[in-house]
Structures are given as structure tokens and as C-alpha cells.
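Sharing a structure here in C-alpha cells format.
Labels for the chains are A, B and C, by order of writing; each one numbers its residues from 1.
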Amino acid sequence: MTGTGSNTGNDEREVLLEVRHLKKYFGVHTGFLKKTDLKAVDDVSFVIHKGDTLGIVGESGCGKTTLGRTILRLTEPTSGDILYEGSSIMGKNMKDYRDKMQIVFQDPYASLDPRKTVADIIGEAMDIRKSYSSKEERREKILGLMHLVGLNAQFYNRFPHEFSGGQRQRIGIARALAVDPGFIVCDEPVSALDVSIQAQIINMLEDLQQERKLTYLFIAHDLAVVKHISTRIGVMYLGHMVEMASSRELYERPLHPYTQMLLSAIPVANPDLSARRKRIKLQGEIPSPLAPPSGCPFRTRCPQACASCAEVMPELKEVEAGHFAACHVLQEKG
Amino acid sequence: MNIMQTLRYIVKRVFLAAVSLFVIITLTFFLMNLMPGDPFMSEKATEESRAIIIAKYGLDQPIYVQYVRYLKNLAHGDMGTSYVLQKGRDVTTIITESFGISMQVGIRALILAVFAGIIMGCLAGLNKDKLPDSIIRVVTSIGISMPGYVIASVLMIILAVRLGVLPINYNKPGGAVMPIITLAAYPTCYLARLTRASILEVMNQDYLRTERAKGMSEFVVVFIHALKNSLIPVITYLGPLTASILTGGFVAESVFSVPGLGRYFVSSISMRDYTMIMGVTIFYSSLIVMMNLVCDILYKIVDPRIKLD
Amino acid sequence: MKINVLSMQNKISPDDFTPLADSYFKEEALDTEEIGYWKASWQRLKANKIAMTALVIIVILVLFAFLGPKLSPYSYDQQVRGDEAMWPCMKHLFGTDRLGRDLLVRCMIGTRISLTVGLVSAVIVMILGSIYGSVSGLIGGKVDIFMMRIVDIVYSVPEILLIVVIKMIISEPLTNLIDNVPAFHGLQKIGSGLIAIFIVYGCLYWVGMARIVRGQVLQLKSQEFVTAAEALGCSRGRMIREHLLPNCIGQLVATAMLQIPSAIFTEAFLSYLGIGVSAPMASLGSLTSEALNGITSYPYRVFFPAAIISLIILSFNLFGDGLRDALDPKMKK
């Protein structure tokens, strides 16, 4: 049994966020009077330590975005528990937690209200909380946040459509920082940006993390992006967490066949290395989440699949110290 | 498209239509009873004999008893007898009869509107910004801005009073022409504008450019490909149009004294003929509900792009 | 140098390499000065000649209706002895009816009623429809389904029938209310007939607006900035006020604008049937129906009110189209 909190990687530091058996099912009509559950997030558990970054990767449709939103209860989880600083946030008024947990979105175009100025977007959190005594104080705070994310003060009264993707993302980050949160879900914050801008934003997120002691859940569909910023990385497939290990460990010794495939898909700049590397091609399409395969969800595409894979769903277990994987083949070997 | 989903949609829509009808019937019934006065107010009768009449029609019973009785009768297609307008006659008979006349005018108006509207729309759309387009745009803009009674009055002044070519009375030969034009005017202009907009949109589509690039003659491009696709929005408008033409004859029928249902409705209201008003309202509502139902289902089947909700 | 006509090469001259003057950058800096949404829309509207003409006509009609009667020597219900059934002349520009009432001033009053009905109904529809639609769309789920079923039902009611029926029912209690309850005396001037029209209109026509607003809200709701506001702890009321309505206000105003003609239609139609405004008040609809009795001898009596109402509706239609294009360029067909 995957004891909750057992996949911490022998870490004695303070746990900021713990997710236990989190499930999010969506009811989808698939026929006449027939409803099928779409298991976007299915029994996911993990912990994040204060000041760490947990990277989550997976193909599109694997449930990683839903996971991020469910943790903030922007979509209500079907079951499971979420603990922030040791106490459950389930069944509580989320108002108290909106100050502590924030989110940065993927689409820098859709995530900013087109009818509001930069100042009003960043200042909205303060407006909701009325956390200033004068207009000047509000202005000072907003300018401070703009400075923090590298936005020129003269943009104060501009509208989002006047900005580039990278600048918009900075506005989005400033908005999240306005409540001075401890934890931020970064939902593919750089996927929509040019590669040159991606690095800037990631570096800025790292600097902010240092400065403000932030903890991140960093979602991406691209392993190359998360490698840089994450302390630990979890790999998701069809709503399940299939592997989780420290960033370096996962890169150097991926255990789950799915992770191995994802890693081999990252292009390598060095042609010699590229030629030497064994390229495992990811076969087939991702199965429909409405009709996932029995047993191990990955078995339809897995080169090592055996008979038992079709029967029982493998649990996420510690295969090596601090390295978790959900795979029968590995677990039998271990 | 998933057949089960379509079936689900149809069942849902039919159920909804039934609920709508029930709500409308109930609503009309109770509204009718809120109406001040009773249908026999105008009669020169003593209090006594009035009470006898009211008792005869069961109007002295508690309202829910009347309601249940009305529903029961309605289920058998019996909408009671007219109290005032055509005293003693079955409402169902009056409706069937006069609706037949409304239909005669309505269907001819509908055909006129569809043909004239689409032809004008095509002419305008295919000659964008040239003279025919400008003329048609001006005419249709004015056309959709004239209330039915204005059109009726103008027709009457010009055709009947000044030129004297057509009779004002419906029953004389040629008497149906003016009511038909009155009824058809608005939908003709609306259809013309719709067709024009739709053609202009379709003409810009990439698949037409492809057809041209393939060397198709302009004739084939326009008449086979463009028109076919630009008529889809026009067809979707036909359902509501039919309903509104069949039920919207009040003005034309009143002005030109066509003995149709619309005119009966107007006079039954001023005479407080409860059963008549209810009968017509229920009849019209069912007609509109059915029409919308059939249309919705049909074009969800015809055009797979329309999302089922 | 001979240049091949098919050459794709740019024709470059040394002048192209001189630095731009400082003034160029200054102007550019000015250009990036924020143009607000309303200002940009106004600029688009101003460029639309048809819409601007329509706007001018609307303004003239408003002056005609609200200022005109004050300038006229007659009042709308004044019966001038000896001037019965006059053709248009210098004394009575639009002529008089058979009771000797000046038709010009009666048309002005009729226009006033049409414009008032149009504007008030549009406002009622806009308020009811946008609140209902945004609540339904925002809450979603079962509540949304239920609320939309109600809309579907109201939508399938043949409105003109129900308007006539409701109008008949509420007229009398409304008149009693206005005459007998002191608090409502102020409404006497408007008349129970008009108020009844407003109520009926409000009861039935909001559904179209509600559907449009709901559609917009659903579309906006799926956008991340709404989720972002939710993550910041934004309440539902604030969400509607601050994020949803401002983002569909363009479409809202444009749709409401196109409601005006339909409200004017309805009032004129009811008055034409004799169940709208009550005599001696004049409406463009009742003026036409009164005139029809003498149509053979006095066709001008039909002409003026009929022409004015067509002009009103035409200008609102054209202005509404222009406004829609200006406020929401995406909606342009």
C-alpha cells in the first residue's frame, strides 16, 4: 500500500501540501440515458515540501491541468483529501485559502480580462480584500508588484492586448503574487511562449521562489521544461501518477517504460550523443479516457507488458529509495 | 453523429414541448379567469337570468373544478362552446373553419415570401455593391421597418382607393391579393437580407476558391456550390417563418376583413369570449411549439455541425 | 539599371538608411496611448455614414417628439372649432382630424409614445435579460438547466397573443391602482395602457436577451481570466459585475438597441387594434387606425403617422446595425 506521505523521499523537512487519494471524475453522456465517468484524476497522492517545486508532466489529456485546479478546489474533487500546512481544506470555505494558494495559467491571452487595465488586474486581489487604506497605498503596492515581475511602471494603465505573451505572463504572475501566497500552481506557464521567452519566465519564477520562499506545483507537457525548475517530478498518464522521483534521478534513471519513452523523445543538441542514444518510439495513440484499458493504463502502448498488467492496476510504490513507480514489471523485479 | 445521442435529444425535446404546452394551457386558463368582467356583461339581462346562464356554463363552480373539467374536455379535443362570438357553436369547429381560411392566405403568402425573398437576396448578393444590390438593400431596409398595418394601409390607399384595381373586401374577386402581400412583405425583406448575407459569406470561403482554382466555370461555382450552402441558414428560418405567418394574420385579416382565425381572436378578446380566447391561444401555441420542435430536430439531423446540448 | 519586372527583389535606395527623425518616435509613442473600448467603438461608429445619418434622424425625431408639442399653439386633445377635417395647410401642417384636432401635434405625441415605449422596453429587457442570463450561465449545472427550461417555455409562447391577454387583464386593476393609491398618482400621466405594455414587454421579451447573455457568459466562463478571478476569491456577484457583464456589454447594448423597433412595433400594433393607449391620447398606431375610416377622402391622415413610424423603426434598425458592428467587430456579418 502506498502509505500517504510515504513517497516523500525520506525528507525530514516541513510538508506544505499533501494530496491524498485525490479523484476527479466528470460525468459524460455516452449514449441514451447512459453516463460514463471520465476519470481525469484517479487516485493521486503526493506531498510537496516547503520551498520545493514538484513538476508534473504528461501528454495532453492526462489530467494534469485538472489536478492543478482540483488542488485549489477551482473544480470540486470527487473524493480524496487535500491538506495545506497539515490541515484539510476540504469542506472549508475556500476564502481563507485563496490568500495562500494561487495559480498561474497557461494561456497568457485568455487569462487576463481584456477590459481591465494592468493595474486593475494586479490590484483585483486587493480590491476584493479591501486590503489598503488609500488609493496611494494601492498604487504603491501595484507598482511594487510590477517592479517585482519586471514590468515597466509606465504600463500601469495599459490594457492586456497591448502586450506580448511574455509580458502578459508577467502580469499573470504579479496577479498571483498580490495576495502573497505560499503555494502557486503553475499550469503550463510557458507552453504558449516562444522558447527565448520561456527561459526568462522560468528564471524569474525561480528567482521569485528564492526571494519569497514559494512552493510550486509546476505543470508542463514537456519534460525538458520541468527538469530545470523542479526538485521532484511526477509523471502522469490517463489520470494516474505512474512515476515520481527527484528531478535528477528521473532524468538519469527513468524506471517506468512511459517515462523512458518521454525522455527519449527530447531532442538532444549533441549529434554524437543523439546518435548513440537509444530512441524508444512511443507507439499508438493515447487511449480514450472514457474507456481506459483494464489493469495498467499504459499496457496498450507498453513494450514490456505482460499478462498480469491487464488484470490489476499497479500501485505507485517505492521501487528504489525515493523513487516511486507504478509498474508490475518493475515491482516484481524489485 | 451518434444515434443514441440524437434519440436522447429528440426525447428530451418532445418532453419539453409537452411541458411547455401544459404550462401555456394552465397559464391561459388562470389568466382568463383573472380577466375583469364576464362574457355576459353586455347582455341586457336581469341579475337572475344572468346567474342562470353562468350556472349553465358552470362558471359558478370553484376555479379548480372548472380547470380540471377544461383539461378533461381538452383531452378529447373539446374546447367548449363559444359564449358570445358565435353563440353556441363549438370552439373547435370555429377554429378549424377559420384557420382553414387563414391557411389559404398564409400558405400563398409563405410561397410568395420564399420565392421573392430568395431571388432578391441572390440578385443582391451576386451583384454586390452594384445597382441591383443597392436598390434591393434600400427596399428591404424600408420593408422590414414598416409595421404590417402601415403596409396594409399603403396598399389600400394605392391599389384600392387611388387606382381602384383591387377590392378592399376579401370576398370579392382578387380580394386575397392585398392580405397576401401584407403578410408576405416583412418575411420577403427579411429573407432577402438573410440570403444576401449568407451568399456573401459563402462566396468568401476557401472551398469556393478551390473550385475556381480547379477550373470550374463561374456558373457551376455559383449555382452548384455557393447557393446550396448559402441556403442552410435560410432553411433554418423557414420554421419560425411558417409559424409566424400562420399565426400572425391579425392585421391583414382585420384590415381586409378576412374571416380568418386572427380576426376572430381580436374580436373575441374585446367580447371576453373566454372559451374562444383560450381555444385560439392553445391552438396557436401548439402550432408554434410543434413547428419549432420539428424544425429543431430536423436541422440537428441535417446539419451535423449544430451541437447537441 | 534595368529591373526585371518579375524580380521579387526590393528596390532599395540610400535614403532608406537614414535614421528616422526623433519626431517619428514621439508620434508613435503618442499612438500607443490607450484608446479605451468606448472611444474605439465611437470612432468605428463615426466612420459608418449610414449609422450616423440614422443617429441624426433619431435626434431630430426626439426633438420633434419632446420639444415640438411645446412649440405648437395647439395641444393634442384640443378640438379647434371650425377647423374640422382640414387638409394640410399653413395653419395645420399635417391637417386636422374630424374633431378638429391638429394632426401635427398628435403625431408629435404619438412619436413621443413610440420612443418612450421603445427605450423603456429596451432598458427593461436589458436589465432582466442580463441578470437572468448571467446568473443562469454562471451558476451552471442543474440550476442552469432549470432556468433555461423556463426560458424555452416562455420562448414558445405566441407572444402577441399573450400580450393581448395580459394587457386586457392588468389594465383595469392598474387603472384602479394608479387612480386610488396616492403613491402611484405620478404614473397617471403615463397612463395605465403604457405601463401595461411595459409590464407585458418585460414579462415576455427578456428571454431572447437572457439566452444571448447566457451564451456569452458560458463562453467567457471557460476562459482562464474568470478562473483566475475565482482563484483570487472573487464572489459571484463581483464576477458578474466586474468581469462577465463588462465583457459582453457591447453585444448587450447592440441587442437591446435592436429590441427598440420590436417594442415600437408592438405598441403601435396594440394601439392600432384599439387596446394600446387610451383615447384621447394619441399613438402612431391609433392615429392610423382612426384615419382608416376616412381613407377614401383623407389619405394624408394615414400617410403622416405611417411614414413617421416607419422612419423611426428604419433609423433604429440602421443605427442598431451600425452600433452592433462598432461595439463588437467580431459579430459583423
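The rule is short, and it goes like this: contacts are C-beta pairs under 8 Å (C-beta built on N, C-alpha and C of every residue); 3 or more make two chains touch, one makes a residue touch a chain.
Keep in mind the model is a prediction, meaning the values are calculated, not measured.
Comparing mean CA positions across the assembly, the chain most remote from subunit B is A. Distance from per-chain Cα centroids to the pooled protein Cα centroid is smallest for C. Chain centres here are Cα means. That of subunit B falls 24 Å from that of subunit C. Rounded to whole angstrom, the centroid-to-centroid distance between subunit A and subunit B, based on C-alpha atoms, equals 56 Å. Work out the mean CA point of subunit A and of subunit C, and you get 49 Å between them.
In subunit A, no residue touches two or more other chains.
For subunit C in complex with subunit B, the residues that touch the partner chain are 149, 152-153, 156-158, 160-162, 164-166, 168-169, 172-173, 261, 265, 268-269, 272-275, 285, 288-289, 291-292, 295-296, 299, 302-303, 306, 309-311, 313-314, 317-318, 333.
Here subunit A touches subunit C in the complex through residues 69, 72, 74, 94-95, 98-99, 101-103, 105-107, 110-115, 117, 124-125, 128-129, 157-159, 162, 172, 175-176, 178-179, going by the rule given at the top. If you check the complex, the residues on subunit C that touch subunit A are 32, 34, 37, 223-225, 227-235, 238, 242-243, 246-247.
On the subunit B side of its complex with subunit C, the touching residues are 16-17, 19-20, 23-24, 27-28, 31-32, 34-36, 141-142, 144-150, 153-154, 156-157, 161-162, 197, 201, 247-248, 250-251, 254-255, 265-266, 269-270, 277, 280-281, 284-285, 288-289, 292.
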